[in-house]
Structure formats: structure tokens, C-alpha cells
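Every chain is named by a letter (A, B, C and D) in the order it is written, and numbering of its residues begins at 1.
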Amino acid sequence: RYGYFGADKLDAVKLLFCNVSGCLTDGQSYLSATGEEIVSVNGRDVAGVRMLKKEEVEVIFLSSSDDPIPKALADKLSRKMNCKIRQGVQDKQAEVKKIVDARHLMWKEVAYLGSDEPDVDCLSLSGVSGVPQDAPTVALNAAKYICRSPAGRGALREFAEYILLLKKKERSKLEQDRIGRDNF
Amino acid sequence: RYGYFGADKLDAVKLLFCNVSGCLTDGQSYLSATGEEIVSVNGRDVAGVRMLKKEEVEVIFLSSSDDPIPKALADKLSRKMNCKIRQGVQDKQAEVKKIVDARHLMWKEVAYLGSDEPDVDCLSLSGVSGVPQDAPTVALNAAKYICRSPAGRGALREFAEYILLLKKKERSKLEQDRIGRDNF
Amino acid sequence: RYGYFGADKLDAVKLLFCNVSGCLTDGQSYLSATGEEIVSVNGRDVAGVRMLKKEEVEVIFLSSSDDPIPKALADKLSRKMNCKIRQGVQDKQAEVKKIVDARHLMWKEVAYLGSDEPDVDCLSLSGVSGVPQDAPTVALNAAKYICRSPAGRGALREFAEYILLLKKKERSKLEQDRIGRDNF
Amino acid sequence: RYGYFGADKLDAVKLLFCNVSGCLTDGQSYLSATGEEIVSVNGRDVAGVRMLKKEEVEVIFLSSSDDPIPKALADKLSRKMNCKIRQGVQDKQAEVKKIVDARHLMWKEVAYLGSDEPDVDCLSLSGVSGVPQDAPTVALNAAKYICRSPAGRGALREFAEYILLLKKKERSKLEQDRIGRDNF
């Protein structure tokens, strides 16, 4: 009743990995006869990334080599949002593991927004994992959180709000721990 | 029963503020690999702006500095509809207050169609305030009217019709007042 | 029981008027920062126009001066479908009346697919009139047929099938009339 | 109970025909005033084609001469997915028959994803046939499988998963046959 003598370090998400195609974008790739390739992002999702960064959650975009979005366009998207991007990722788990280790993080401090079969391992390993509402079944089954919003139309924003809510909860738990200990 | 001896000045909306991204547009920003940026507007919403102007409601568009729509494009949109636009607005409440004061209006004569967190103050202050059906929760909670249409697909049109309906009601009330007084 | 001695001329639709913005297209107008303007049409709707022409129903597109679609683009759309187009139409009823008279048709031989307030008169006068599912209330109220498909995504196709069904019914009625008379 | 002494050759789909407009794409064709023509594909559908090819199901795209998508663009789409394409196909049944015969296949080894009236014969003849959720009634009636996803937003992916599921079932039946015979 005086609080539990738990962790004294904040146990919340510090890093979000997010697929470009089918998470940040709706997966649509527009092609013109003259060779232009176009993708779209939603202002709500861009705002979600900003909200995360303000609360010190780093956001890294992932683009697999299979992605129908060309490299230049993915680069542009990530620069627009002032985030890092890893392109041509064949083995997502290996790539994510490398980044997580380099930052001395644990999987439970990692959030992952994925969209398809190649994301399944990361969705299972990450502390917080989500998929857009319109993801294929294989991804839906692996995720811990299924967004009500579809890809490219608010899913990333919704997932960002979910992460920040969890973070707030963790913080208030940590504060209660301290109160508990001080009162003792 | 002979009418009430109320206001003798029309107490209706004279000015509508409307966000560009997520209100006039659906929030989608299309990017091409060669650097083109594209947004879309709906004919119904454009017609809504025309309806308001015909009934002497001024329409001013707002674009925050965070908006994923570049300045040139927002300018183009507002010129297309023959409306003023304020761009790079950081503090929406301050900007709106300045314009409202310059026109010697009161907040209850102001309508506001917003889409996200930065609009919350204005949504609360304005006499008539609305958000598109697909706005984030924080905006939905602050608005007095929630459109059934989503952003960029009729929300502005619907809100315009709502404003004009209120205006018509106010006008008939004012006329009834006059009838009441004349009969006295 | 021997058929009724009714009309002996086919009493069906011979001419369809269709709005460009909000009927043929979904009303969205895409704008790029460099000045490109883009609209979209659906293959199902294009097929619907072809079906009508095969059954000798002429299709004429209407574009009001308020249309957010530029003249060149509307021209292109109508050429693509090999149909006539009237642009910059301010008074739709007058324009349609002129064409109907020139072809010695009656209003009941005219079908009209409209999308908004300027179409209301024509929707009331035409023998067969429709609006897409997502039209504003003022148009919904004036139409005799409300499509289940939204504008630019099958509404024109659906309306075309409805016209052809009516035509088929009329024809079989006419044939029954003849049978009745022959038997007499 | 020891298995039935059935076919000993795998009786599953070896070839998928898929319409470009209204199956691979959502049927929307975007036109710019300057003459650009744009169509879109979804990453999920592209992944579905890859899944089929990995399991040795060939994918051939069909584009009728009526297609609102220009030849160059359809070529581009098929190259992007590394598949063959037949363009300007007037008589789909004849074209498909020719290809099926050349590969010494039977209709029951053929899958067909169609979208409209010209596909009806092939939908009836093919062993496995499907249409997107938003296809016109005439196509819906002819198909054996109606996708829950609409055209250009997952219908092809869903149909691919359905084909692979059937293939897996066939294979396990074949294996059970062998077990049955060995035990005898």
C-alpha cells in the first residue's frame, strides 16, 4: 500500500521504428506514364511524429528493398519529418537489433509500427507493437496494438498517442514509487 | 407573447476561419520523387466557400508553420477561392484575435473550422466551431459541431451550410422581435 | 389482358446529361505547387458511357463556370470518352433546354446526372434523374434516383445501368403492346 | 480410410490472369491538364504477386483495348512487378485460351481475377476466379470468389493468399494419398 519498490528508471518507449510503405504511407504508389512516382502522407501522422520527438522518443523509418517506393522518395519523406531512415532493409529483425544495441536499449523500450509479413519478428519482439487497421492478417496477428485508423490516414498518429499515453502512465507509476519510498 | 425586446443587431457569424491542412484539404500531401508537392480540394467545399461569401460571411484560411503544405500551394488554393490566407501561423489564438479585433467583431460572430491540437483554443473561443469527422480526439473534444463529412470531402461545405442555417435562424428571430415591437 | 393500346413509339431515354465535377469525377481537384491540375475518372464509369452509346443513348457532359476543373482538362476528359461537352454553363436549365429542343426531344426522354444546387431544376424536369450517393442534401432531394456509388467511383456506371434497364423495360412493354394489337 | 487412390499430380493453380484496370489498380485514372496520366498500385498487392511467384504460380496481366490506362503505363506496371502483360486484348477468352494451351494447362489450373463484363467468360471457365469487392454486378455474379478488399487496395493480395491456401490444401491431400498408398 505504500507503493512497490520497483524500477527507478523510466521503463518506457525511447525509440519507434516505422515502416514507410503501408504505415507512414497508405501503401499506394502513383505512377505516371512519363516516369514520375508519387506517394502521400497525412498531416495528422506528420504531427504524430512531431509529438513523439517532443517527448524524446526517437523515430526511425524502415524501408525494405521490396518497397514499391523509390529510394529518393523515401529519403525525401524522412527529411521532411527530420527523422533517420534505413533503406533496402532485407532482414528487419537484424537491422533493428543492431540499432537497438548501438543505443544500449532493451526490446521493451522499443516500439514498432509494421505492415506486413517481413515485420512479424519485430512486432513480436518489441515492447509496444502496432499495425494499421488495414494490414494483412499475418501482421494483424503479430501486433499487440491494432490501430483503428488505416495506414497513411492517421495510424501513425494514433500509435504515437498510444505510446505517449503508456509513457505518461509509466512516469506516474515511477513517481508513485518515489512517493512510496519517501513516505517510508 | 409579443416577442422579446432583444438585440436589434444581427447576432450571426460574419467571419469564418478555416485551416488549410485537414479542413480544406484532407490532410494528404502527395510527394513525387522529382520534388512536386500536390494537395487536393473538393468541388463541394469550394462551393461552400462561395455560398458563405454570397451571404456576406468572410472566409480566411489559416496555415500553420507545421503544415505539410508548402507556402506556394496554400497561396494558390486561397487565390483559387478568392479568400485571404494567413500563413506560418504559430499561435493561432493570437493571430485570430488580431484579425477579429481589427474588424471590430466579437468572438460570437466568429466561426472556426479546425483540425488538430493547435486549434483547441480557437475552437473553444469561437461562437460557432467545428471539426471534420476524422479529426484527432483532442480537436473533436473542443469543437461545438462535429461534421459528418471527413476533411477535404465535404466537411467545409457542411460547416458552411450549418453557419448559414444559424444565420437564417438569427435573422428570423430578429424580424420577429421587430414585429413584436411594432405591434406594441 | 390483350395489352393496352398505348404508345407505339419507344418512350425511353435518348440523351444523358452528366456533370463533370462531382459526377464523372469525384469532385477532387489535385493541385501541384508548379501549377499542374489533376482530376481522376474511374474505368467503371468510362465503361458505363460506352454501354450507353452502344444502346444509342447520347452522352453530353456539362461543366459550369464554377467548376474547379480547368477547361483544357474537361475537354480532354470528354474527348477521351468521345462525348460532347458544354463548358462554362451558367444557367444549366437554359443550356439543356436548348440542346433538348434542337434534338426534338421531350424532357421525359432526357436523363440527368447532377451533383449540386445548380442542377436542381434539371433534376426535377428530366424524365430520369440521379445524383451520386455523396451529393449535398439539396441535390439528393431533387433527384429521382440516388446512386449507391459515390461520385467518380461508379455512380455514372450505376446510373447508366439504371437507364438501360428502364429502356429494356420500355421496349418489352412496346413489344407486348404490338403482340396485344396483333392478337386483336 | 487409407486415403483415396486419387490424382498423383498436384492439381493446383499454376497461372493467374489479372486485369490491370479495376484489379491491380483501383480503376482510377488521374489526368493532368498538361497530358500526364497517372495510376496507382498498392504495396500489399505487389507483395501478393511476389508471394505467388515464390510458390511458382505465374502471373500474367491483361489489359483490354478499352482500358483507360495507356499502353506505356501498363507496361511499366508489369515490368515493375516482373510479370508478362498482354495489351489491347479484345477477346479475353480467346487470348487466355491461347496462353493456357501453349503452356499445356487445363482451365482448372488457371486462376482469374477480373473486374467487369468482358471478364465474365474467363471467370466462369477458370478453376479459381475472383473479383474485387467493388466490381459491377455482372462480374460479381460470374466469380467464384468475391474479395473482401476493393480493387487496387488489397484485392489482388487477398486473392493471392486464397490461391496459395488452396494450393497448400491440394498438396496436403496429395501427400495423404501417398501415405495411404504406402501403408497399403
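The working rule: a contact is a pair of C-beta atoms (placed from the backbone, for glycine too) under 8 Å apart; a residue touches a chain by one contact, two chains touch by 3 or more.
None of the values given here were measured: they were computed from a predicted structure.
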Q. Where the centre means the average of the CA atoms, what chain is farthest from chain C?
A. A
Q | Between chain D and chain A, distance of the C-alpha-averaged centres to the nearest whole Å | A | 34
Q) In angstrom, rounded to a whole number, how far apart do the mean CA points of chain A and chain C lie? A) 48
**Q.** Residue list for chain D, restricted to those that touch at least two other chains
**A.** 30, 36, 38
Q.
Once the touch criterion is applied, which pairs of chains come out as touching?
A. A-B, A-D, B-C, C-D
Q: Note which residues of chain D are touching chain A in the complex, please.
A: 30, 36-44, 46-47, 50, 70, 72-73, 76-77, 80, 152-154, 157, 161
Q. Where on chain A is chain D touching in the complex?
A. 21-22, 26-36, 38, 66-69, 115-117, 134, 136-137
